[in-house]
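Have a look at this one.
Note that the chains are named A, B, C, D and E in the order they appear, and that numbering of residues resets to 1 at the start of each chain.
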Amino acid sequence: MGRYLGRKLLIYALTFFLAVTIDWMIPRFMPGDPVSLMIARIGTRPEAAEVLRGYFIQAFGLDVPLWQQYLNFWKALFQGDLGVSIWLYPQPVIKIIQRAIPYDLFILLPAILLSWFAGNHVGALAARARWLDNTLLPVGYLLTATPYMWLAILLAWSLGNVAGVFPIAGAYSFSIRPHLSLRFILDLLHHWFLPFLSLFLVMFGGWAIGMRNMIIYEMESDYSRYLEALGTPQKLIRKYAFRNAMLPQITGLALQLGGIVAGAVATEVVFAYPGIGYIILNAVQNQDYFLLQGCFLFIIIGVLLANFLIDIVYVIVDPRTRLGMTGE
Amino acid sequence: MLQVENLTVYYKTIRGYVQALEKATFTLADGEIMGLAGESGCGKTTLGHSLIYLRPPMNYIGGRVVLDGQELPIWDMEKMQEFRYRHISLIPQYAMNALNPTRKIGKMIAELLESRGVSYSEILPELKRRLDLVQLTQDVLKMYPIELSGGMKQRMVMVISTLLNPSLLIADEITSALDVSTQKAVCEMLVEFRDRGFVKSTIIITHDISILYQIADSIMVMYAGQLSEKAPTEVVFQDPRHPYTRMLIGSLPKVGVRYQEERLRGIPGSPPQLLNPPPGCRFRDRCPVAFGRCTEVPPFLEISPGHSVACWRAF
Amino acid sequence: MLSLERVTKVYRLGAFGLQKLIAVRDVSFEIGEREIVSLIGESGSGKSTIGKLILRLTPITSGTIRFEGTDVSTLNGLSLKEYYRRVQGVFQDPFASFNPIFKADRVFRMVRDEFYPQVGMREWNEKVEGALRAVGLNPPDVLNKFPHQLSGGQLQRFLVARALLLDIRLLIADEIISMLDASTRVDVLNLLADLKARGLSILFITHDLSLGYYISERAIILYRGRIAEMGPTDKIYNRPLHPYTEMLMESVPRLDRKWEEEGRIERKAALTGSVPGGCVYADRCPKAMDICTREEPELKEAETGHFVACWAR
Amino acid sequence: MEQEQPKKVRSEFIFFAWRNAKLRIGVSILLVFIVFAVVGPFLVKYDPYEYSGPMGAPPSREHWFGTTIFGQDVFSQFALGTRSTLTVGLLGGCIGTMVGILVGLLGGYRGGMLDEFLNVITNIILIIPTLAVLIIIAAYLEVRGILTQSLFIGLTAWPWAARAIRAQTFSLRVREFVDLARITGRSSLRIVLTEIAPNMMSYLLLVFILQFGGAVLNAATLDFIGLGPTKGVSLGLIMNNAVLWAALQLGMWWWLLPPGATIAAIVGALYITNVGLDEIFNPKLREM
Amino acid sequence: QPQTVTVVQTVPVKETVPVIITPTPAPSPVVYPRNETLYTSGKQWGPPTSWNPLQPGSYAMGVIGLCYETLFLFDPLKNEYIPWLAESGQFVSDKVYEVKLRQGIQWQDGQPFTAADVVYTFELGKLPGVYYAGLWNWMEKVEAVDDYTVRFTFKEVRHQSWWNTLYNTAIVPKHAWEGRSQEEIVNGPNLPPMGTGAYMYDTHSEDRMVWKRNDNWWATKLLGRSVAPKYILDIVNPSNNVALGLFLKGEMDLSNNFLPGIATLVKGGYGVKTWYDDAPFMLSANTAFLFMNTTKKPMDDPAFRKAMAYAVNVDEIVTKVYGNIVQKANPSGLLPTWEQYVDPAVVSELGFSYNPDQAKKILDQAGYKDVDGDGFREAPDGSKIALKIIVPFGWTDWMESIRVIAAGAQAVGINLQPDFPDFGGYWDQLTGGTFDMAINNFGSNLSDTPYTFYAWLFRNPIEASMPNGNFGRYENPEVFALVDELDRTPKEQMGAVISKIQRIQLTEMPAVPLWYNGLWAQWNETYWTNWPGAAEGLPKYLPCTWNGYWNMTSILMLTELKPAQSQ
């Protein structure tokens, strides 16, 4: 088990190193010179432009050779410094991200976990109930096949604009100041619901289908047949099948995390929800590669951490990994 | 006491029925260990499974199974439920994979028993005794199946399957994957279980006849879905009446026999397919003594006490 | 003809091969001309590994395997092909030996493609039919069929026939009969015996002693990757020297004698992991002595041609 | 096993395929869209960007799917968009599958350090969020066409396929027929191609289908956040435009609904086909 | 994060001036009352992160204008400067300009506003990184004559730049800023901001910026003007799509977004109001140009460029792409507010309009003929012409526009294809001078003087990177000198210089003016009324929250607003 985790750690370390390196390259090798952009945006009169140019080149640390920039980047990284945003100059990237992260967690965590939980249970139900299988599964397929943003836009428009039941933008009402009260919390939830729902729905279908198929496999497996032959009630067999089918779903969760980020971007854009996804889009549109770099770094760290957590959980729930029997 | 009459079980496939078990009729006395032998694909597993666990694509076509005077509703998955495990139990061919890989063995047994309304704590002392008997330490209850070797798993399944003292135990190819020394140990345990009365009677399915010679009281030979011969072990070896049995016994190498000295002979030809098999005796094509009568299906008749055979030549 | 000298195979497992599994250790033996040697041992004792090493299917860790004087591990490209012209193998599972999606006689075509591309199709077909007849098959019955349409015995004979197409001197037969029915088994065994008559040597890998006895002159008993005992078959069968061989002999289900009643279940079960440095059989051995747990016995010649690795001898 | 003719194996497949409602439905939907993608552009009366009609007009005889806010014919865009979306899926799916096959087969067959190395790479790409990579690549390429988009979508989507194929290869590699081919003196490449790969065909088909669907969805997401092809039309781009010009708020549902629904239908059909095929290839899942 | 500003300051008692009430702001409410709050949107495209008036590229909506104020305002509709913090200003000698400050102005912390603050602010321009650093190239010194008089001495008077600076430079409080490090001054977020203006910082978060009314605003006492909304809540721009949704839901009062389909909305009974009731609905804010790279063939040929001018069907762009919410540009490119500077003689002589035949004629004459019969003209030397016109991908209105332009060019035989690189690529090509043709409007914004417009259009010198105009790298010392001269020319005398520039511009046609982008502004009257507009009787101030517009009278627009329900 130690070996297993050690191996995983090694891969994570490598991944992190490589990812950060790629990440570092973003602002440096992308088209769109950030400094000239800044100057253009300030729209200063000619005489100041040169002064500003020199100033910004220094401010972004672009005045040293590339290898030095690379080393500096790592150094700064360990001090929690991700540089300065161009789009939101002179705000440090880390601050922008710090403010956005809670919103992401607020939406992503419940959406991921609840969809996973609900999807797995409903999928397990569908595996034995024909009517559910026949009704829910097609819906599930359609949901997973739906482009995130399209679903989100339809939800926003129908429930937000036409029905007017839900707000369509922001994390809480514009008229409310954040404070601790029931009213504010309700308002927060009110705004949270649609973005959450759009992510939840799309992911839910995938889990449900995956679970259903896994359960069917498990129910056909040797140990299920043995138990059946011993007259064990279906309930116990299903319980086992569910538990065992859950294991691949856990790995699936790890694999999905990267992809969920995509969903978050689309959803946050549609609902103008002030999370990282929204910032990424703006960073892309504003050529703010430093910010983009920071966001990706955070996502990478997040995904790595989550993966690692899942790995640990996996080791705990699956004795096979613990004995080093599985290669992965 | 098991009585099987005209048990017929087919597999339903898209191209029709695979006639894997045709009118099987035999009895199994209390305390009897019966070996079921035959070529691969002749329906041994089908017979074994149909007694306990008849599920699609297996189709019950006809026949009766009476265990201890009670007819088993083998065609009804639900009704069979109460007989399974308590009265009739199984050690499957796939014993290596028969345990839930993610449950500790003890826990699994507990859950299995509780689900059948048996108290685990009450049965635990007995369980431990039996583990000792099969030379497993009690620690295995705290282990996961993956931590056991193949032979250990095999024995573990044996213990589990027989825990409720069923009248009938079906052991399907439990020795094929084992090497000789483990094979021997497992076989001896089967006998031990019978001797101690954990099970009343046992059907051992195998294609390794020399093992049957060691432990079985009687041997039943099947060929292509039909019963060929059933007789006490000695009789089968000394006085086989069915030509197939004879040829089968003849093809067994004995320790101490070398090909230079005594060249053994196999059975030429191959068995018929069971999807729309030819009428009559299915061994006809390979039988050296076949004659006109063999186009009719020979009945499985008792020709002497405890010795039944299905061959026109034998009657 | 073929000789193994202190052959060791270590499998590397786990992350970046950090874990090691010694599958075969310091195994030395020879196979002479026209000789059938049985390699006997329980599951996992390293029998197949030795077969694979000889067939160059897995790289050797240390030691040398020589075929007619040349170190097998130095072969490559053409010389390896030449080697395969002389040394061939047939494996345990006849069904798994054929690619299920192609017709079974594809194995013959492969041999032609690789070894006899110059031979004309008709000539080749005749050669194939000849080989098939040589293994007791009727060519029209078996050609042009898919593996699942043939029986295990037929398939296994197919493989032997395939080997015969080449100019082979040595056949590695890895448990080739364990998956077969009793009746078919005999046919394949007899076939092997006939091959010997045609000048072949065979390494006959099995875990069934009675089968080994039936056809081989010499036998090698393998236990956990080491040779426990080696010698003429009749000596090993009739007067085993190693306690492990003894135990095996007792366990064989014989048709002439029933298992000893009193010996039932009393034997020690195998524990996992033996004492490092000592005899690998020490933990199961009824005759284990002190030294057995400390030092590993060397393979010694107890009588002419009969070797054993046991302190008790 | 009973004796059966090879033809029957195939007919058995067709039999089960035909009996499988999921496959029937999935394939029919797909066929409809494929046919449409092939034929549709020929039915088009207008250039997709031409101001061919009244602005923001609802569906009519002239403009089957109405017009955009600029007066462009939505149907024309839709027909061409369906084609390019399917192209992206097909190409992206192909590339993803190919790379996956290559990496999986290579690692699985050769094993050893090469496998470890490929494994690490696979893990890394698996862990780095695809979208991040896609955004970077997309932003890096100033000008992107449908082909480049397919290329980089395919190039980031392969890891899970490689993983799965590697596992399959692993189990096939130790099969005896592979050893047999080796002692026939076959080269590794030929063994992989002629012995191992054919045995995974059904599996590869499933992988391809999932890659196909994934590529379509990925492309749609990229298009939507403005990193789609800078040339041409695609369903994602139509949606992107429709959203930018507030199609729903201005009541132009005909601009936004068809492309999204089509993507959902295509990908959904792919998934359903996948499950259908799975049930056919896998006797355990078959329903009698 | 919510931040309650409690600036409790002991004010040093100065002479006999009565102790000024320390503004301890009443704790902000938890919920902003709808009828006291003005919801705006359109300036802020990302979370507010800076409140530093020295960072014009990034400061939050209203920092200059609502909070910090300038010495003058400029009214583009009347083309006049409105003294604001200054009471008056004038040249007292050739090179000396004196500003008299209003007396009685207080900073929001109660401190008096004095000449020292003004001097301090201008002195800051000496720090690197401050955007008006260039000022000190031609200004010699700034000094406080007394508490309310500031004297600026120049090395060289640049009238246009000076006026531009005067109404654009926000005065910062010396007493609050003095202790700050240079880094903090230039790069600090300056939170909370504290100025002289009508609004004080209340709070902000990722998606909003809230200003609270300064009830002690000087203009109430001194000018009798007061602002009606107690709160101004600026919503960070979501997408256009969401902005429109919010606007239609009545969650926004004033939207300075570019909202698609505005014609439908104004006419369709949605209650949406704009400056004009009819097309073009909006005032104009800048001019979009077709830039041609004059360093490349054939764009180096004025005849070719001229032909391009005739080949562009701007009307189609205006009607189809924009649905008539923009206006076709005058051939001079000058915004309508600068109409007085257009020389009608020059324009009628040299001006152009969409005329394919004319374009063909010019091309024919200049020797651009289709020699090889592929439908496109070749250059006079016989070489093929294959050009690309670029705009950033995703800028859909521009994308549509260049499709029209390319179609127009193709119609007269010029092989011009639209191309849509990502913004980064576009920007690199545009500023690096590697493009063929492109659309841009970044520096043609409404201001007090057409000088800013020409300085952008004829930006010089030509350098490796040209981020601030003259993307076509049109090199003409004559016109460069004229633009410089324009800078030094007082307002009244500009006409003559501009006329010369226009003549060269229209002859050489370095860039083709296409259309005027609107001063996107739409509002509804649910909560606030008396919005400005073109109609009779409405206030005539700009309704705009963008940077640089509060001091172009938008702040006065606020003083005119009335709550809807109060009557």
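As a working rule, a residue touches a chain if its C-beta (ideal position, glycine included) is under 8 Å from a C-beta of that chain, and two chains touch if they have at least 3 such contacts.
Computed from a predicted structure; not experimentally measured.
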> So which one's got more C-beta contacts, A-E or B-C?
Replying inline: A-E
> Hey, which chain ends up farthest from chain B, C-alpha centres compared?
Replying inline: E
> Quick one: chain B and chain C, Cα centre-to-centre, how many Å?
Replying inline: 31
> Approximately how many whole Å separate the CA-defined centres of chain A and chain C?
Replying inline: 55
> In whole angstrom, what separates the CA-based centres of chain A and chain D?
Replying inline: 23
>> Using Cα averages as centroids, what's the distance between chain D and chain E in whole Å?
In response: 47
> At which residue positions does chain C touch at least two other chains?
Replying inline: 16
>> Touching at least two other chains at once: which residues of chain D meet that condition?
In response: 1, 3-4, 139, 142, 226-227, 243, 248-249
> Going by the touch rule set out above, which residues of chain B reach two or more other chains?
Replying inline: none
>> Using the touch definition from the top, list the residues of chain B that touch chain C in their complex.
In response: 39-40, 133-135, 149-151, 177-185, 187-189, 191-192, 207-211, 213-214, 237, 247-248, 251-260, 263-267, 270
> Which part of chain A faces chain B closely enough to touch in the complex?
Replying inline: 221-223, 225-233, 235-236, 240, 243-244, 247, 317-320, 323, 325
> Where on chain A does chain D make contact in their complex?
Replying inline: 11-12, 14-15, 18-19, 22, 26, 29-31, 138, 141-142, 144-151, 153-154, 157, 161, 209, 213, 216-217, 220, 255, 257-259, 261-262, 265-266, 269-270, 280-281, 284-285, 292, 296, 299-300, 303-304, 307, 328
> Can you name the residues of chain D that touch chain A in the complex?
Replying inline: 120, 123-124, 126-133, 135-136, 139-140, 142, 160, 163, 213, 217-218, 220-221, 224-227, 236, 239, 243, 248-249, 256, 259-260, 263-272, 275, 278, 284-285
> Which positions of chain E touch chain D when the two form their complex?
Replying inline: 239-241, 244-245, 248, 259-261, 264-265, 316, 320-321, 323, 393-394, 396, 400, 403, 419-422, 424-426, 428
